[in-house]
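Here it is, the structure, as structure tokens.
Chain IDs A, B and C follow the sequence of writing; residue 1 opens each chain.
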Amino acid sequence: MLSKEENQRVTRVGPGTPMGETLRRYWMPALLAWELPAPDCPPVRLRLLGEDLVAFRATDGTIGLLEEFCPHRGASLWLGRNEENGLRCVYHGWKFDVSGQCVDQMNEPEPFCSKICAVAYGTIELGGVIWVYMGPADKQPPPPNFDWTRVPETHRSVSKGMQECNWLQALEGGIDTSHFTIMHRVLKKNSSHGGIPVDSAGVRGGPPTLELDITDYGYAYYGIRPLEDTQYARGYHYVMPYTQLRPPDLEEEQVHGHYWVPVDDENCMAWNFYYSYGEEPILDQARRNTASGNAYGSHVDVENGFRSIGNRSNDWGIDRDIQNTETFTGIDGVNQQDRAVQESMGPIVDRSREHLGPADKAIIATRKLLLEAIETVESGGDPRGTGASYHEVRAVGRILPTGADWRKELLPAMYPETGGVSP
Amino acid sequence: MLSKEENQRVTRVGPGTPMGETLRRYWMPALLAWELPAPDCPPVRLRLLGEDLVAFRATDGTIGLLEEFCPHRGASLWLGRNEENGLRCVYHGWKFDVSGQCVDQMNEPEPFCSKICAVAYGTIELGGVIWVYMGPADKQPPPPNFDWTRVPETHRSVSKGMQECNWLQALEGGIDTSHFTIMHRVLKKNSSHGGIPVDSAGVRGGPPTLELDITDYGYAYYGIRPLEDTQYARGYHYVMPYTQLRPPDLEEEQVHGHYWVPVDDENCMAWNFYYSYGEEPILDQARRNTASGNAYGSHVDVENGFRSIGNRSNDWGIDRDIQNTETFTGIDGVNQQDRAVQESMGPIVDRSREHLGPADKAIIATRKLLLEAIETVESGGDPRGTGASYHEVRAVGRILPTGADWRKELLPAMYPETGGVSP
Amino acid sequence: MLSKEENQRVTRVGPGTPMGETLRRYWMPALLAWELPAPDCPPVRLRLLGEDLVAFRATDGTIGLLEEFCPHRGASLWLGRNEENGLRCVYHGWKFDVSGQCVDQMNEPEPFCSKICAVAYGTIELGGVIWVYMGPADKQPPPPNFDWTRVPETHRSVSKGMQECNWLQALEGGIDTSHFTIMHRVLKKNSSHGGIPVDSAGVRGGPPTLELDITDYGYAYYGIRPLEDTQYARGYHYVMPYTQLRPPDLEEEQVHGHYWVPVDDENCMAWNFYYSYGEEPILDQARRNTASGNAYGSHVDVENGFRSIGNRSNDWGIDRDIQNTETFTGIDGVNQQDRAVQESMGPIVDRSREHLGPADKAIIATRKLLLEAIETVESGGDPRGTGASYHEVRAVGRILPTGADWRKELLPAMYPETGGVSP
């Protein structure tokens, strides 16, 4: 439970808000690289932290990410022409380079370009994603070299989908390991509907015991489920401010993960990735599953701003017959199930009416860290997760003998570079 | 005319508002019983007095009516599973019985159910309708045993349709007998369009003289129209806070009526009923007319929250050619005509700009009674209409000799249990 | 650049706002005459300066323009019956004549019509347009006898289209001559897409030098472009508060023009006209071009409130391939291109973030005159443009020898009645 004031403080993301200023201290996933497929391709609109932006790939391949509206008279630069290393406003032909500098003014007999700059944010391309930093220049952290961004393209998959609720609701749904084997459960053997089969390890295990280690990038957390003769131990990471790494269902050399990036106060972009850090590439079948949303992917309308096809307006496609007999929710696809409950709470849920329990330990810790980060930023410091220690971490799951010291088994695989020492 | 402050006071219905608290002292029609057709059927969403609710029929057939959002983390219980005498949230498997008591928590190794309660409201099924009481427990009035709820199913018909304006606008349109023979007039003999034929008794009579008797349930009111050699006397009831009983067009043993139940400040549900208190059941033809909206029924899209098919977005289907030659409005169906004018006034009409006359006597009386009821509730009393005296009342119409004492003729039929004595 | 306060002051148009009161001192185009084609035809809804209105043509052909909502109980008079010299509300049959006087009350046995008046505004029909005056009666200016309203019907063309942004944004786009040869440019010879061909005089000329003469009706302004051996001089008029007269592309005896009439704070109606003041009528071809929006016309959905078919919801139909190869914007039609950039700025652009230059001279002058007019009205005076001197003015374009005194050449044609003397 949060007070109404704390809830306001931790959810709002616009310029000048406490959380907004804190979020601006991190690199954020902005676009899939293929959304700007080639030099001089059409510009792309996006909204991040409540700011309207336009992105373009210049003739030399570099990325520009500018405020959407032309500094001259406010026309949308998204209508603009991307040509010869700059984005040109169609209204009066003012042109801006990737740094935001005005370099041409077609309507002025005596141009005064050097005096005009558009707001521009720094970008970097990593792992097929264009990342942006929207904070103060002197506070820019090292590049977001997550482990998955460094594997070959054949070994990773990235997708995204719009979610119509506040980012914290989505994040809290993602780190909430306790709902996983309940909500995503498939009731019937061989069902064609996505979810966690009744006979899978996780579902068999019942509610997990949670443990949590605070780190300098956020925390690691563990869900331990006793099985018949064994125990199922899963280790996750929460990387500040909105990233989760989660283990695969089986003991594969894979990690799955999400970013829940604030679009504005009432919308977020749910990013999905998974990758193989072993020799095996990701199989085509798995890649297709991701795309179809049967696993961790999503059913999204790419042409329509990556909006989910199942959404509030169509009740997320709930089918009561399927809910009766095949899946716990009657909603198709794991991601869509998550979106459904998270969006069903309303745009920004009132956390002053909650009743949390021990199973919500990770959620409580997240809120504490976020509120702590706001205070750190307000007092001039650098919040957790702005270093580089998260670059090497991995999420893992193991089925272990009952009574085994799961921490001893999991940590070396979760922190491979330091031999299991958590930062 | 009301001041802007009075208009605000008498129209707003949310929790804590003066009118909202007053309306919470009455039983309200919430759902048609067939919307929850069987035990363990899918739950149904609804909104009443600005509160989002979810209803379900438990395994034992009883009705639960809970706040929509799960007390745990706020997911919509409408997505839930209705199973084994309780509604289970799909997010973490918390389950609530019809009293709102939490009875299971799938995500907690050590459940603490007994400490968790969802807001639940008391319900009752009468006349094929599920009624709800949302007020303080110690103030609950006797069940809403309207006369029509006690006749056999063959002798009654109930329907409903969403109306996109404040409930008071709809109520004022309903009790406004003076518009009836004007707006609903059919101009052409044998027109296929619904309304009051030009040669019907009511239309022949011209504007009525209105009289009104205040009672302990609201008021009875009378519209008297002089005909050629006779007079046409019609006796209605207004039962606090939003019910009307009206006589049939002819001297049948029938009563028609409406409830205009506030959904929120800007929407209401218009309930329609009619019944036969004689030996004759309601004819199938009449039932069909009700369904098609040609009489008192409505054209509604049941799958879409009972929204009217003719609505503001399509100008209520107005046809100017039909308006020129066949009906006064060019809009099809009596209920749709009412909805059209009432919705055309905007979501909440500004009553400080009105110009009322003697023909608006019933409307003026209604507002006085509603404002009086607010004061009664504020000073700790029980407002009119929370007793049982309205249970036996009926509406009647009679064609009488000119000069006959219409009150003497109407009252015994309007108060059959007390031999014509008004409470 | 304006301060946020000035921007608020100069853009808002509702009753009681500074700009709203000022705009109410002028005749405004309200409807195309053909929207009320015949006596007793159906009434028409419209919104002007934030007020909801209804217009009707009475049996005697005169025009009534009333507040939309019946003074009785607030039902929309647009649902009403236009019959026997009055508009009758369908709710209770109250009827109003073109002066707003109530002349019948069907629901009252003893009518009190003489005490009831609806708000009514004075109208006049000129040039196929119904004009309205919504200001104080004693301040009504002479009729808006623009030159074009006095030519034969064969010599003029008038159309209109809704624009979904504040009127000042549209006006500023219209008087902004510097964007014309940039944004509307056609890149490819013989393109079928509307705009200014690359080889036209204007486009060849590059950015114009602007000059501006303040007058008692607003200002005249001039764009001078040096060509190879000649100069291209174009003379425009801005007539207070939202009218522009512009010269044709070639040296024809024609004038084009616009009115950008405020519907409310966030919408305006863009009126387009052009006419021939010579002997030649307007050709059918030209008229068709206007209608199709390839020239100065518009692509509008007449049945849907003259809404533009290309609008924000469909990105104004931008085609990036066409933008690459054929037209500067990839948007079809000159008017649609204007709408696109103006609407892309948002409903009311924040002028405190602008960076204006010499090419924005006309825009700066317009704002000054509008702010001056507000002060004039506030101090009890008559603002510019409420006289009659604009009735005789024309816009002209001439290709002149380099070094010629363009002012001497243009003025006699721009002020034909006074032999070139500007008022």
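Following the convention adopted for this analysis, a contact is a pair of C-beta atoms (placed from the backbone, for glycine too) under 8 Å apart; a residue touches a chain by one contact, two chains touch by 3 or more.
Nothing here was measured: the structure is a model prediction, and the numbers come from that model.
Chemist: How would one label the connectivity among the chains shown: line, ring, star, complete, or other?
Modeler: Drawn as a graph, the chains make a fully connected set, so complete.
Chemist: Taking all residue numbers used at the subunit B/subunit C interface, answer same if over half belong to both copies and different if under half do.
Modeler: different
Chemist: List the centre-to-centre spacing of subunit B and subunit C in whole Å, with centres computed as mean CA coordinates.
Modeler: 48
Chemist: Among all residues of subunit A, which ones touch two or more of the remaining chains?
Modeler: If we look for residues of subunit A contacting two or more partner chains, we find none.
Chemist: Using the touch rule from the top, collect the residues of subunit A that touch subunit B in their complex.
Modeler: Listed in rising order, the residues are 172, 178-179, 182-183, 206-209, 316, 318, 320, 323, 328-329, 331, 337, 340-342, 344-346, 349-351, 353-360.
Chemist: Which stretch or stretches of subunit C touch subunit B in the complex?
Modeler: My answer: residues 42, 69, 71-76, 78-79, 81, 90-93, 105-110, 112, 115-116.
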